[in-house]
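Going in written order, the chains are labelled A, B, C, D and E, and every chain counts its residues from 1.
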Amino acid sequence: MDPSGVCQPLNMGGKAFVFPKESENSFVILTAQPTKPLKAFTVCLRVYTDLTRDYSLFSYATKTQDNEILLFMGKTGMYSVSVGGADVFFKPPESSAPTHYCATWESSSGIVELWVDGKPMVRKSLKRGHSLGAEASIILGQEQDAYTGGFDKNQSLVGDIGDVNMWDHVLSLEEISTVYAGGTFSPNVLNWRALRYQMSGEVFVKRQLWP
Amino acid sequence: MDPSGVCQPLNMGGKAFVFPKESENSFVILTAQPTKPLKAFTVCLRVYTDLTRDYSLFSYATKTQDNEILLFMGKTGMYSVSVGGADVFFKPPESSAPTHYCATWESSSGIVELWVDGKPMVRKSLKRGHSLGAEASIILGQEQDAYTGGFDKNQSLVGDIGDVNMWDHVLSLEEISTVYAGGTFSPNVLNWRALRYQMSGEVFVKRQLWP
Amino acid sequence: MDPSGVCQPLNMGGKAFVFPKESENSFVILTAQPTKPLKAFTVCLRVYTDLTRDYSLFSYATKTQDNEILLFMGKTGMYSVSVGGADVFFKPPESSAPTHYCATWESSSGIVELWVDGKPMVRKSLKRGHSLGAEASIILGQEQDAYTGGFDKNQSLVGDIGDVNMWDHVLSLEEISTVYAGGTFSPNVLNWRALRYQMSGEVFVKRQLWP
Amino acid sequence: MDPSGVCQPLNMGGKAFVFPKESENSFVILTAQPTKPLKAFTVCLRVYTDLTRDYSLFSYATKTQDNEILLFMGKTGMYSVSVGGADVFFKPPESSAPTHYCATWESSSGIVELWVDGKPMVRKSLKRGHSLGAEASIILGQEQDAYTGGFDKNQSLVGDIGDVNMWDHVLSLEEISTVYAGGTFSPNVLNWRALRYQMSGEVFVKRQLWP
Amino acid sequence: MDPSGVCQPLNMGGKAFVFPKESENSFVILTAQPTKPLKAFTVCLRVYTDLTRDYSLFSYATKTQDNEILLFMGKTGMYSVSVGGADVFFKPPESSAPTHYCATWESSSGIVELWVDGKPMVRKSLKRGHSLGAEASIILGQEQDAYTGGFDKNQSLVGDIGDVNMWDHVLSLEEISTVYAGGTFSPNVLNWRALRYQMSGEVFVKRQLWP
């Protein structure tokens, strides 16, 4: 597999990536729009899993920093957002249903927001002044400890993931409400309705289990 | 009793099989439509029990594999779906009410879905590429460890079971919602409204206790 | 007091028997319609108590079997229905409100149903083929261990009981829903709206506390 | 202070007595209508407190019996109603909101009813045949162990009390529902809308905190 | 920074102060309207935090009394209101959502009210007859143990605070309901829509996370 290969964008509306088994070699690699270094971002996605251990939701690695952006569920139910290798923690309410997440960060204040099913957690901050590396390996299903590698089956996702979108700025409250409700705002880094991706290992594209 | 005997199909609409006592010899044997080996299936049924031990919901055995299809409630509240002798596990919410189950499997991906009261559990997979044996002994009320036998009273059902239907393909989300709500989709393997069955032991056909 | 004495039927609509104190000599004896031996029955009643110990809800004794019919709350919250001296057990949800019970039994299958506040518990069976003795002593407020006697204050009811009706057949789902909602179906063994009864000890007829 | 002194009746509608601090000398003494010995009564009132210890809600003492009528919250959440020095106990649901109580008693049966926020507890009985002494000292905020005295700060009320009304008979279900909903039935022993009272110590008349 | 410096009032409607990190030097100092010594007050504000330790919500210090007014969350979930150095305690229901508080005090009775999300806690009293010092240092984000100082990072706020208003009298029930619902009553000590403030350390003005 060549993660730098060019692939056609596909409309994934109504579909999900399904990882039905624990593994250390099943994943999806996403190709971002050509971008300059980011001073802010919003990532939204929906996940359905019954894992009780750690797992990665979104792993954005550069050649020098494997946790350049990382959305991660810890085993104690603490959710972490990492930027540039630093971490902040959130304690969302537990849920056994498909769950929608949006994470935002801006360099000017360092403030991180996490929205769970359309509700904001308390804001935290980290890496004020940082710029995100532009050449990134963006992986679903595995957590990178190296650029497109360093996978650990004990941090892999088992379940469904979909509606993955990414913007180069912080969405407003109203925009996040709309995204949570299923609306769209022409995401300019990753666009679920025109997604360039390559699948590796035991991962399937199936109809979404959520409405 | 001759499980290979021909019997007239009966409309069981509004009715249920009632197993009012624990036993190792009360059961119902169902006769499937003449079928070729299956590459996929959906089985739906409704069960009402207050058992706190293990019990079988649907036991489909072939001469070489007693757990060719098995829907089974474990004693810890873990629900298992077996295909071709392999198992995956689900943790549905606990319920003391009559509960509707749909289980699906397809050979191409091996993905198993379990729907409990119209809600999907997280998908798992097993036995990718397998074909289900066509000549089967399909039993309600007992778990088979041999073709039409090998019963264990500690795995028998005590309670009501009804609305048992089976298809040779995976139903869509919309179809499963309709089935859960009481609608029908001409099931082509087992059809509750034209059911060929034989009862053995202390089992009764009574009006359903659910609406 | 002469339990065989003839008394006028009274309309108890909107009223309840109140047992405000624990005792071994306060009770109500009910006179049934002249009946032949029963092959089935439905008994419905409403009880309001804050007892945490065992107590009897309905005690129907013959000269040879004190537990010919017995509706009984055990101390662990397990409810039992006895017919002809045999018992089956049910685990209704706990309630601190006035609670409506209907118990049914039929000789042909032995199936016992228990409906609590209009919801059916899982069916059980006992005494298939049995006939209920017709000459019975029917007592509210005490549990009989002998014909019109053998009372135990630790099994007495403290609280209110009302809407006691009995039929010589099994009511349908629709009929039980109607009875639970306050409707009536000309009960032919005991009729709360034309009840023959005698009170003994500290028991009072008062307005119902339920709507 | 002279508890036998004559004072003008005041309309306390929309107001409450507030005891903001624990004490053994803050209380309100109420003057009842001239009455003959009572054979029945209903007392209703509303209380808002966050005490977790014992406290008195309504203390009606005669020269020979300090607990002639006593509404009292025990430390285990057991509520007691005392008449003529005897006690019965009730277990209302716990509440952290302002709570409305009505207690009734009638001499003919001895039956005591307790209504909490418009819902009846299970009836009990005591002091059948008793008559309540007419010359009484009626105190809010303290529990009397002697006529207008014998106070204990550990039984004092800290919080708000209001809507105190008393009748010389047992109200019907409909009347209690109306009183709970804020309606009135010309109370003839104590009337919150024409209340004769004297305050002593740190007690204030303030707007009600409940609607 | 010069807390006595004059600054222009700003309309903070729809905005919040965000303290994204624990610190001992991030805070906001508010400038009150020129006032005479206060005999009563109402302070309302909204806070969103996931702290499980102690923290200050509103710290109003004079040169002689650092806790002249202090709204403070204790680590056990007990909320305290301090006036003139004395404390009363309240136990509000736990909440993980943004929470609205109004605290009132009047000198004439000493009564303190606390309203949490529009619901009154049980009233308490303290410092009857006291007058509040007029020359005050009013701080958000830190708890003062000295005039504009004596900060402790273990009592700092991490999270959002907004809608801070203060009056020189006790608001009525209706007024507090209106404030909770987002209405305004020309606050005459501190006015969120015309707020004079200076920020120090890592604190940001951001859009509110609550509606």
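Please note the rule applied: contacts are C-beta pairs under 8 Å (C-beta built on N, C-alpha and C of every residue); 3 or more make two chains touch, one makes a residue touch a chain.
If you're wondering where the values come from, they're calculated on a predicted model, not measured in any experiment.
Q: Trace the shortest sequence of touching chains from chain B to chain D and report its length in steps.
A: Minimal hop count between chain B and chain D: 2.
Q: Return the chains shared as contacts by chain C and chain E, ordered by label.
A: Correct list: D.
Q: Any idea if chain A and chain B meet via the same residues, over half in common, or different ones?
A: different
Q: Fitting the CA atoms of chain B to chain E, what rotation angle results, rounded to the nearest 5 degrees?
A: Rotating chain B by 145 degrees superposes it on chain E.
Q: Report, in whole Å, the distance between the mean C-alpha point of chain A and the mean C-alpha point of chain E.
A: 38
Q: Would you mind listing the residues of chain A that make contact with two or more other chains?
A: Residue numbers touching two or more other chains: none in chain A.
Q: Make each chain a node and each touching pair an edge, then name the shape: line, ring, star, complete, other.
A: Here the contact pattern is a ring, one closed loop where every chain has two partners.
Q: Under a traversal of the ring that begins at chain A and continues to chain B, how are the chains ordered?
A: Here the ring order, chain A leading and chain B following, is A, B, C, D, E.
Q: How about chain B: which of its residues touch chain A in the complex?
A: Spelled out, the residues of chain B in touch with chain A are 90-91, 93, 109-113, 120-125, 172-173.
Q: Which bits of chain A are touching chain B when the two form their complex?
A: 18, 20-21, 48-50, 96, 158-160, 202, 204, 206-207, 209
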